[in-house]
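The same chain A turns up in both complexes below, where it pairs with chain B and then with chain C.
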Partner chain A sequence: MGLDYQLVLWNKHKKTYDKVILIGMLLYIILFASITLVFNSETSIETLVIRAFGTLAILMLHIILIIGPMARLNTRFLPLLYNRRHLGVSMFIAALIHGGFSIFQFHALGDVNPIYSLFTSNMDYDSLTNFPFQVLGFFALLILFAMASTSHDFYLANLSAKIWKRLHMLVYIAYTLIIFHVFLGAFQQETSLFTIVAMCLGFLIITGLHIITGIKEVTIDKQQGTYGDPNWLKVCDIDEIEEDRAKIFTVNNERVAIFKYEDKLSAIHNVCKHQGGPLGEGKIIDGCITCPWHGYQYLPSNGQSPPPFTEKVAIYELKIIGSDVYIKPKALAEGTEVIPINISK
Partner chain B sequence: MTSGLRKTHLIMWLMIAVISPIILIITIKNLNIFDSESVIVLSNTNQKKVLVEDDFFKISLDDLSENHSIEIIVKKPLKASETSVFSLNKKGEKDLFLGQITTTGVYTFKCNQVSGIAFFDTIKNEFITKYTF
Partner chain C sequence: MSKNDDFYVGYIDHVAPKTKGFLKRFVAITLFLIVAVAVIFSLTQSTFKNSTFELTSTTQITGIYHENPYPMLRVPINHNSYKNIVLLGFGKSSVNPYLQKVMNEVVTLDKKEITVEGNLIYYNGKTLLQITSQEKVSLTHSLKNISSNIPISKLGQKTLDGEIIDPKCYFGVMKPGKGKIHRSCAVRCISGGIPPVFATKDQYNNSQYYLITDQNGMPINKDILPYIGKPSIIKGYVEEQEDWSIIKINTNDINIVSSTSDIYQ
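After this line comes the complex of A and B, so read on.
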């Protein structure tokens, strides 16, 4: 969380992660080049660069796409989610080197514009087997460029979290384009069984994890409370909520997090204003509800970030009868002050 | 994520999981990558005269039918990105341009009489390999 926009928001942890990313990328390139030179010493340097950075970008994309669902399934992966943005930008740089070298190698040495050549050198658009696979990679690269260039809190704040998230969900389209780019390329250029098996395995893992977590989320959404009074929804017993933690409920199709802290209860909308993180999976730190994704904080009494920050989330009214917790399903305006319910009274 | 985004997310992944394998299976079915053996069997039954066969090429001449043609089966991908096929004259020199080959597969070129075939890298301007018959 930062008040001013900085080109790169580094801290001690992010610097460590970035070093790991950089070293990992360098090691992969060295390993790929060594193996290639041992087993296929006639490979030209241009081909080596194209293949090394292409495969590196695909490997990184797989890791990026796995982090999200893994963090949903196991909170130990949350630190990776925290640093995913830098991994994404690094992956784009690898993909750009692959794409740039490919366009230069295959299209820039003729007498027509390289981009025009990319689209017209193979016109078998009506064929599945000879489809111009480079075009698919080009469109994927454009999507990755749009994502990498907007991977900054400035764009997140100005586009709104919802639009920004939808823009960044285009990575799934890019992933699909890349699958076909690799498969068709592999089929047309070289039938490498290793490439096909590796891509199939990656596809199964990524789609499997996303669908499993998606179904899990739908199941959570279906867990509704019970109405006694039409204005109040009974959600749980006080003892079901851990101290300084929350329990999440679905109210009017939106998730609400009810936090227990300092003998009090407060309920806020579960979606963080930063990147839509699940606030209810975070905890109370220094008296503030802290998002588990990137550490954005909100005061439990009004859903507002502590000054000078201005982010606000909707807040809900609660009441306790006996040990049962009730919530009023209609949300109050973002930032409305609501006195927390005292448990002992 | 909001409920709308969660729903969009799940629908997108279900679509990717269903559509991508279908397209890939259709593509693989349309490819000839595993058909080289069956092609060779077929060419034998068509009474084509096999001139050369090695790890990379099988070159056959069809001089029995009305359309004299030479058939080249590329078994393995070539390292050259731009390969042209030329007929060779009796002195073993590059004669007529027959056509180009790209990936593995079956290529047929019309020709009357050839003393040999040359595969030429038009970018590096050098012969890849020559076969004389």
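After this line comes the complex of A and C, so read on.
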């Protein structure tokens, strides 16, 4: 957590994860190269590298973009989210090999600087079919670079979670640029129904999943409770919350997680200080609310990470009348001590 | 089992069996996806041509240098038959800088015998040679009884349907060496002094190649850049110099067409 961002925590899971990424990438490259060399042996080695790594990068980008919404829909995907940044950096490396080889092959050793050439060798910016598609790939690669180079928690801590999150939302712009890069580039000349269908399918799956999770989020936002006393909002029945788990409600336009544990209830702001993970989908482990994304922990009684860590989230007051749970919609300052309420008192 | 039991925390080594099973299935499906995508993208590539670039081996050739319309070496094949090899520089550049040393040794290099060493590029009966060092070019005097006049036949005005390519890549260095994917590179090559060539097909569907010059038969490079790598129709005066045809054009007579050109079939 907060203090140990300087070093990457290498544990068993991360190693397994990285091994799987490496094996997957090697498998792809070896298969692509062998099939090409067997069935289309007159290829040139540069074209082989450019195509193998370009298509590998876009396949990996699809997997990355699918994991996010899948983890929102099914918590079993969470372990894949835990190390997604490694997948992201590996994808960037594949894209860099593709882009780097392309720049060298098509633009280097000429009469002008290769990057200048990338932008000026084809000036048909006003045409769709003749558009200089390399430029789109170049900007996508810049975005991927910005993301890969700031993926470490060091930047998360120094850029603030909000800016970091915004930076990483750029991946959708990169994805859009790459779609156009492929459709206005390679597909104009290497036209095959199979590859076009594959790309369209990928696009449909990614947008479809994002729409479905979007609908789910809206449903959570509708869990608003009812007001009796204007200071207290009735949210649910005690039994609706599972032991050591939480239920998420939206009060004052903020999401709040109400946890039940050891015959007590506590409410904290739902947003993890690390990367904004949904704390209400986490679990109480060793007496601490544990974020489902990367395991940051917070004490339910004050929203503070246990020492030596320093993260703090806002906390809310609760009361119970009969079996109904009420919450005070106004949050207390981050890290305020609030005595958890007893259920069977 | 309640979902409480398989909550995953990355830094805790224990993983619930159900989560483990799920992850294994996910990895298996992903591996299958990897195989499927690799098969689709590799098998759907258009067939590459058997054009050749001898990157790692060099060949020594002796012939008569002639400058017009573009630097070439006229090499005797057998009695009264010659092959004209287009000379190119390293990377995306003209051969001229590499001839500077021998040019300084004579008043005019045109029609003089030289021996050069470089990397061959060849496809479909056309041969080109890349020279990468001034030291690989020298004046020699070994050929006997060779007329230095190249017979030229004038074939009048013609309209051709095809694409402007850069011959270095098209005849061997890159694949594909034409079309949209390759356009930027062809622009760089021709901008760097490599002669532009028009690739087309005759009525018998045989490939034909024309070196492109301006209306006066002089090299044309910068003016032709916007037209490279696009299906086009050009009009100009055609001449034949042994195994190469030449078309003299005004760039205003190049018409970009939206259809796919013949050379793709």
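Just so we're on the same page, the second predicted complex is superposed on the first by the 339 of 345 C-alpha atoms of A that agree within 3 Å, B and C clash if a C-alpha of one lies under 4 Å from a C-alpha of the other, contacts with A are read in each partner's own complex, and residues count from 1 in each chain.
To be clear about the criterion, a residue touches a chain if its C-beta (ideal position, glycine included) is under 8 Å from a C-beta of that chain, and two chains touch if they have at least 3 such contacts.
Everything quoted here is computed from the prediction, not taken from an experiment.
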Practice problem: State whether chain B and chain C clash or fit side by side on chain A once the two structures are superposed. | Solution: clash
Practice problem: Identify the partner contact of A:285: answer first if only chain B is touched, second if only chain C is, both if each is, neither if none is. | Solution: second
Quiz prompt | Which partner reaches more residues of chain A (counting touched residues only), chain B or chain C | solution = C
Exercise. Check whether A:207 is in contact with chain B, with chain C, with both or with neither, and answer first, second, both or neither.
Key: first
Exercise. Figure out whether A:152 sits in contact with chain B (first) or chain C (second), or with both, or with neither.
Key: neither
Exercise. Pick one for A:106: touches chain B only (first), chain C only (second), both, or neither.
Key: both
Practice problem: Return first, second, both or neither, reflecting whether A:234 touches chain B, chain C, both chains, or no partner chain. | Solution: neither
Quiz item: After superposition on the shared chain, which partner residues are touched by A:188: those of chain B (first), chain C (second), both, or neither?
Solution: both
Exercise. Check whether A:59 is in contact with chain B, with chain C, with both or with neither, and answer first, second, both or neither.
Key: second
Practice problem: Name the contact category of A:42: first (chain B only), second (chain C only), both, or neither. | Solution: both
Self-check item: Overlap of the chain B and chain C footprints on chain A, listed as residue numbers
Solution: 42, 106, 129, 188-190
Quiz item: In their shared complex, at which residues does chain A touch chain C?
Solution: 9, 11-14, 20, 24, 27-28, 31-32, 35-36, 39-44, 46-47, 51-52, 55, 59, 63, 75-80, 82-83, 105-112, 117-118, 121-123, 129-130, 132-134, 185-186, 188-190, 192, 194-195, 198, 242-245, 282-283, 285, 290, 292, 294-295
Exercise. Flag every residue of chain A that touches chain B in the complex, lowest number first.
Key: 42, 106, 128-129, 162, 165-166, 169, 172, 175-176, 179-180, 183-184, 187-191, 203, 207, 210-211, 214-215, 217-218, 221, 250, 253-255, 271, 276, 278
Quiz item: What does chain C use to touch chain A in their complex?
Solution: 2-4, 6-13, 15, 18-19, 22-23, 26-27, 30-31, 33-35, 37-51, 53, 90-93, 173-176, 179-185, 187-189, 191-193, 226, 230, 258
Quiz prompt | For the chain B and chain A complex, residues of the former touching the latter | solution = 1-3, 5-6, 8-10, 12-14, 16-17, 20-21, 23-24, 26-28, 30-33, 77, 79, 81, 103-104
